[in-house]
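Pasting the structures in now, so scroll down.
Both of the next two complexes hold chain A, though its partner changes from chain B to chain C.
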Partner chain A sequence: MNISKQSLRPFILPIVLLVIMALLPLFNQSGFTLNVLINVVRWLIFALAFDLVAGHIGSVSLGQPIFYGIGAYLTAYLAGKLGLGWLGCMLVSAFFMALLALLAGLAFFRIRHVTFAIGTLGAAIVTQLVANSAEKLTGGALCTTGVPRPQLLLPFMESAIKISKPIQFYYLFLPFLILTLVVYLAVTKSRIGRAFTAVREDEVRASAVGIYPLRYKLVAFALSGALIGALGSWQAQYVTVICPSDMAQDITTSLLIMVFVGGAGRLSGVIIGGVIFSILPPFLQAVGSKYFQPAYQQILYGLILVGVMLYMPDGLDGLASRILRRFRGIRKEGV
Partner chain B sequence: MEMQHQSNQPGVQQPPLLEVRGITKRFDGVVALHQVNMHVNPGERVSLIGPNGSGKTTMFNCITGFYRPEEGQVLYKGKEITYKRPDKIVLQGITRTFQNVKIFPTLTVLDNLAVSIQQHQEENLLKRVFYTGGIKKFERKAVEISESLLELVGLVQMRNERAASLVYGQRKLLEFACALAPDPDLIMLDEPAAGVNTAMVDQMKRLILDVNKQGKTFLIVEHNMGVVMDISQRIIVLDYGEKIAEGKPAEIKQDPRVQEAYFGK
Partner chain C sequence: MENNDLILELDNIHSGYGEIEVLKDISLWAHRGQIVSILGANGAGKSTLLKTIFGIVQPTSGQVMYEGQDIGRVSTFEKLKRGIAYVPEGRSNFPAMTVQENLEMGAYSRSDKKQIQEDINNLCERFPILKLKRYTAAGNLSGGQQQMVEIAMGLMLKPRLMLIDEPTLGMAPILVTEVLNIIKEINASGTTILIVEQNAKRALEISDYAYVMELGKMRMQGSAEELGRNQEVIEAYLGER
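The block that comes next holds the complex of A and B.
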């Protein structure tokens, strides 16, 4: 992180990624490809929002699926009962999840490090249990079904298009990833991001230069909550069904894998991790679901995570830059 | 307190920059500071000395808001700051360094300085709701100040290196520069000469004297007696959490209580 030496480098990877993602469906429009692509977009948004808190503030929240689930349930109500449009649902979900994040943050940021992680994990488990039991509100384990699909009405159109095909969903979804990337970059490459780094590295020192750590933690948490809330809202309208299991712990496991294996607190790391680990599971399933039971996948993830934490603390991205540096160093010596 | 203050500095009429009144701090029954009074006048160089565990760093933490004293008051420019948050106290113009050198290792050297300035710039910004477009100007100004400070402490060539790559002495210089960065009135240094070689000790002494000439006030905790005697105008001695002596370096050298505290009977 270096904001006083502005360069174009951090923008290269996201732009390349977006171009590839925008063009890919032109070559292959199979259901499988689109499904994978939508999955990549969803996980990238989720991982970027997760990384704002875990990577930049250094508080690993294991409760982020709460914002996703509540955003989704809220949308089921807003779109289903009140007939609010898709964009309105996303905005309202984002707003309320930011608010919830602020309130939850005030409570949870009183504890730190491991206790913060355990506390937020507990909150996630309780929320899922409540969603499971509050059958009148959420439909319980039978899920809330029949969330209306989005309808797109642009100024030059006579009647709204009902978004139902995967390709339509995909291209409507992609701008949301762009927005998330813009927010992520705007925040982390600015003075706010520099203050985030200060808070992550040393809260005492941060206070000694006039930074109030809680303020920046709340900013990051609220931003993350808003993005994830909007994502939940989107997902509810895409699959039309919301279940308590949408807030399950395996989502957090995947996020941890993506962010920490990729490289926490670095955009390129999150992109690398997010893309690899959102593509890998469907491929593993397609290639050999008989060999890779979902349960084995979790064990595999666990092993990867432990290995990375032990041997590659700065993730794949850190490994890549270390190799590059060594390569350059050797070349210099060779000359 | 007032009497003492006037007797120490007969010519000075202005009120002290920093005044500590009857500070008591306990940790689980251990009294780290007991009813300590002290003050620092504007433009002065004051040292706080004493054997290990005498409460010097505890006093620093009480003044800068990291500890809440059980009794007593801290006044800065006549206003009470006793129970304020550390970040609020910094923004009023008191900066400090830490005994175990604190810097932000993954930020660059320049960003370490700039981040020490930004909050001071934005503090005023928050009061003006409709301020726009100022951040770029602020950042340019912050970089400008940072660069001049890097020149002062001789770290210009490390400008874009991560602070983690600095050696110990360089980290101390960077931390010192960070303490100067927001243009504070009172600079509190916790052992500026500890653990560095003699050349760097001399550099540090020179820096403190130079910056002091420009009107900055210093309160310094230091173990190196040579440094203390050279740079202090006044010395306050703590032992077991109580002030046992106060005076000019020459007086402190002769003081039997100080000799007893340091060397035993």
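The block that comes next holds the complex of A and C.
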């Protein structure tokens, strides 16, 4: 057994991904490319945060867009009304969404699996309805508009620059993906990650070795909430508009597709799923929106999800590693 | 026997899940060095009893005394530290993890990394099957081998009291013998054992003392010898097998 090779393995794919993503704009800076790349970053962060709970704890929350939406609305207020800087907005949003996740977790983790999914789905629907009808607070269906764009001031700069071009947004967004990857790896490859796995596989067994299931579920949920809250905050400042539909169910559907088709609970799976399914829609649209309306996309996603659940339970990642193993010849397990 | 010989004492325990009361006025004693078995039909409350002792389920009234101290309010983590190990029923290892990783999980409450590896090595010497399958995913082992892993996970804590829930469920007779012999051996090296079994005959063979439960109540108790002479009565409580 080659230990160093083994322990380096999880870092290969994310590093390759980041290098490609960092270099791509040097070759092609078209609006389309940047749009796709920003989309990839956004969905990867979202999917990684989603997977911390769904893949590692094994509790599928259908309400994660709530943290995104509230983080975004909060930022519209903090940046627009109080003039807080972009990073401050992200941090405050992350903090409050972690707090909200803790409280929500205390309520929702009392119920299990199916009921957990349905409970969180209900919460998402209610939150979206409230956002729709609380017009004074959110602008309702007409959305909150005019969120200020970020101003970047680094130590060596004389005056702050206003971030407004896609390329600027992209390169400021990329470090957030790096941070998310680092957090994801640091948590899941550590002692905490082992505890997550234990809780997912068997709660009673986890308790038997001294792991408190609820505690670790809350840790995962809060971390996920914080990341998604910060993402919502960033996104609000990028598009300057935040609508109730930003918390809609099609976002959760996309997350389910990315994580479960890619491979839940595995970084490589989430990356594969996240990249494929965030690149696909814009390409399909470019090919011809006449043939591929959004409604069809949802139907297609539904069918893919059912197919994968039935025939490919460990996702594309599992399929890929099975094929790789066959190529290398079946190696004996180290004894 | 002297009272200070008692390692575990349950006094009038009531316990259950939310509104549902499962255990009704259960009292039980285990002396240091004994193997005590708990017999009973499906749904009698045997697993709930072990969960209550370990603290996964909280008693609504009554007292759990361990080594002379009330452990009713003590966390499960602290109980592990004090030498109580719990081996749940069913396939209760982590199937995706290797045997090595499972054993490390067994020592989750410990922080002495070096000693943990040493203990794993020792266990592998003691139980060759662990050594043979050390880097295999536990889920790929046979039922009996998995049970061995589960017991070994408990042993990672060098427990003074081990709570074992139906270790032989669904096993071929020859494997049952093997697993029970190992439990006997663990007991011989100083660990008190509280074991839940449905196979009364086999359990009584290795036990010093036994309790028979029915519908959450204690129906019978006595030395293994004594109860061994009352097989038919016990079988009646155990119901259709």
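Everything that follows uses one rule, which is that the second predicted complex is superposed on the first by the 323 of 335 C-alpha atoms of A that agree within 3 Å, B and C clash if a C-alpha of one lies under 4 Å from a C-alpha of the other, contacts with A are read in each partner's own complex, and residues count from 1 in each chain.
Rule of thumb we're sticking to: a contact is a pair of C-beta atoms (placed from the backbone, for glycine too) under 8 Å apart; a residue touches a chain by one contact, two chains touch by 3 or more.
The shown structure was predicted, so the numbers you read here are calculated from the model rather than taken from an experiment.
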| item | value |
| --- | --- |
| First (chain B), second (chain C), both or neither touched by A:Val204 | both |
| Partner chain(s) touched by A:Arg194 [first = chain B, second = chain C, both, neither] | both |
| Which of chain B and chain C A:Pro155 touches, first, second, both or neither | neither |
| Partner chain in contact with A:Pro175 - chain B first, chain C second, else both or neither | neither |
| Shared contact residues on chain A - chain B and chain C | 1, 194-195, 197-198, 201-202, 204-205, 207-212 |
| Residues of chain B touching chain A in the complex | 64-66, 85-88, 90-91, 95-96, 98, 102-108, 110-111, 114-116, 118-120, 122-123, 135, 138-139, 142-143, 146, 160, 178, 182 |
| Contacting residues of chain A [partner chain B, same complex] | 1-5, 190-191, 194-195, 197-198, 201-202, 204-212 |
| Residues of chain C defined as touching chain A within the complex | 51, 54, 56, 76-77, 80, 85-88, 92-97, 101, 104-109, 132, 134-136, 153-154 |
| Complex interface listing, chain A residues touching chain C | 1, 194-195, 197-198, 201-202, 204-205, 207-212, 333-335 |
